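Just so it is clear, A, B, C and D label the chains in written order, and each chain counts residues from 1 on its own.
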């Protein structure tokens, strides 16, 4: 099988207004993420909220094996139809890599069944990210710990189902911890949540963060995609006579 | 701590029409389940789809620690507002015991994030239910295997997230298997799915089935209910100066 | 069912030598833990390494539902026969609550199948313990976070199997995180590991630590104990003729 | 990264005695498994119990990324030193694929921490193997269900820790079910157990069985091998002054 066909979806509203997000991510977070994946040998197309079909049309998704998602202030603007298309594709095998404030995005919440709540603070504090599963594919080649000098804090308890894979846990200068790298299986697909990436800090310039995202994309690549192999009335294969 | 305040919710449409469901469960499945719980020392109130607020008003749920759910043909009739109330209560700690065709009920699917699909056959065949986790509280005092002489078949693959607790696996005469007793954590609450209970067969008369349901209710009792303890901006507890 | 019959097992060597351990835990850590459980309404007997049969004879274990374990420097002194008795009892349903440096104790490692390795530092630093699963029985009534002003640091990665239940994660002043409260199922029994408790600090005087240990004992209480219900040649229940 | 360096280890005693095992697997089970992997493009070396160092010397293991294991009657003959080498290698990342009666092999039990008990019957009955996780890499390209016309029965409850990955569940003609394809993480390594393969039947001639084993070998390939990255005293990275 070839490499994953990756789409990076970005809300792309913050970075178009003058201010720190535009300074840190000129051209948009999606382009920085695409560069990060290109460095790792993974080509990716991009899509944004203001594209036709919100960048999430049936055709867009049909040619996507792994969808990387960054959203923050405009979660509600994503249409319920688009969300239904995304979640259906995940159940059929598409990987979803949800970044940072995407913990509150509609597709992520629909797949989790929980509220996604957490505590937070924008204070530019130090985050130290520890690997708790050093043999995990998403941790391959990643230093433990690695340090982001200034980030938004996200704190526990994080209202998600117990992860099927817990890979990273963050330490914050102000006293909190967070399960920053988590994987779940849903249908035939895989979902990975990775915490860093507030729009006014520089996390997506960090080589270790970029490596984790590339690893997560590879991990979320569908292994055996397709429609769910049942969901229908079935005849007996064995005799029913007593 | 007192026992759980249990509400048994039933669609209660099949049993009001003349036919096998009315013969097998006169008075409704909810009354049979209430009897089963009463035998186990667990008092329960009942509610049905045609009650005011569909039996799922805010007051109904506020006095419910564990909600037992049976639905089949009228899942779509349950209002989205009622579903939102149920899932919010589960995240705050209420237990949910979803029975049989409730694998397609709206609250169950909203909490799972998957399609709930499976294969099925109504042929009155034999089901043998094996315990795979004999130390689990839901298996306490339950024979392994126990046999239901005539049931609807449900077959794998069952599109649910990997259960946090897998307790029972069924064997069917016609050649299928099914993960018949599964637990998940969502927010502060617990969800248990238990497979048996087609409306035209007699599963809820079976002493082992009744015992499993009583055990599941006790297991789903909230251990530490309440609103999610964060979800807000947080001040640092440790100094942020470098 | 009555409350659990609890045995608190302690190495009890540190506290018998003059020094900080004797000052902090006069009479031994086991007595302090027994007091903590008594406060929570759980009577407990105690046993120590220098007792006959190392306090782990067949009779000792036969009357134990939950075994609390504290060991540190003398893990190797525990006989392989005693370890085999403990692990066999856990598989038959006995709960095991392993505290602090018991991550290197023989019974814990035999049940985990991993090395138990972690990083550490004795510097009397602050530990902030966050609950990541606020609905879990072991978290009932426990503040999140709670703070231990001076403790030994344990850091990730901690070489244990992915926990079936992850309840607490610690933040340390020096920059580390740790999965401090973890549960696993083994056979018909449950194992809970709880991190705090270096012998020269005062963790077992801390009301929140004491509450967690009492909760863990209740959680580890056998729900359905007994020998494994198979392990033998079995006759077919269904006809084998084609 | 190149493909995995695979070693297939076989007890190789049954097949050297005249009888059905020698008829079904001339040359030994290991050679048949090597052929199965070769068909899937995976070269493999073989080793047997009667080799020098029991085929499990330090050099043998150092050049092994994934170890496939088949043992039955002579588990006890494998030296404790060899077992310690195998489990240490798994914790450092080596994959282990344990087949059939290897549920009682020493390395598997040491990594699980449980008894491995199950029920069984040698009656040449039909086994139907259902996939419960159709998106899992070990299920890629495998039909569900697939049928083995004559096999030994293994029945639940199977005394293993709850699998991190449950992929296959078997139905048996005589009335039993079994979790036939299970994965666990231990240290940096992965363990996969796959049930079929009694020495007097023909399971390893079955194309679907062969495919599962090839998939399991690829899945167990180390993603990030190496010694555990801690296990030592650590200096604080953050200031400890109050």
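To be clear about the criterion, contacts are C-beta pairs under 8 Å (C-beta built on N, C-alpha and C of every residue); 3 or more make two chains touch, one makes a residue touch a chain.
Computed from a prediction, not measured in an experiment: that's the story for all the values here.
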{"item": "Those chains which touch subunit C and also touch subunit B", "value": "A, D"}
{"item": "Classification of the subunit A:subunit B interface as same or different, half of numbers criterion", "value": "same"}
{"item": "Cα-centroid distance, subunit B relative to subunit D, in whole angstrom", "value": "36"}
{"item": "Approximate Å spacing (C-alpha centroids) for the pair subunit A, subunit D", "value": "33"}
{"item": "Multi-chain contact sites of subunit C, meaning residues that touch two or more partners", "value": "126, 128, 131, 133-134, 144-145, 155-157, 162, 164, 173, 175-176, 185, 187, 228-229, 237-238"}
{"item": "Residues of subunit B that touch subunit A when the two form their complex", "value": "87, 91, 110-115, 117-121, 123, 125-126, 153, 155-157, 159, 161-162, 164, 173-176, 184-187, 228-238, 240, 242"}
{"item": "Residues of subunit D touching subunit B in the complex", "value": "128, 130-134, 144-145, 155-158, 162, 165-166, 169-172, 175-177, 179"}
{"item": "Parts of subunit D lying in touch with subunit A, wherever the complex brings them together", "value": "93, 126, 128, 131, 133-137, 139-141, 144-145, 147, 164, 173, 185, 187-190, 222-226, 228-229, 237-238"}
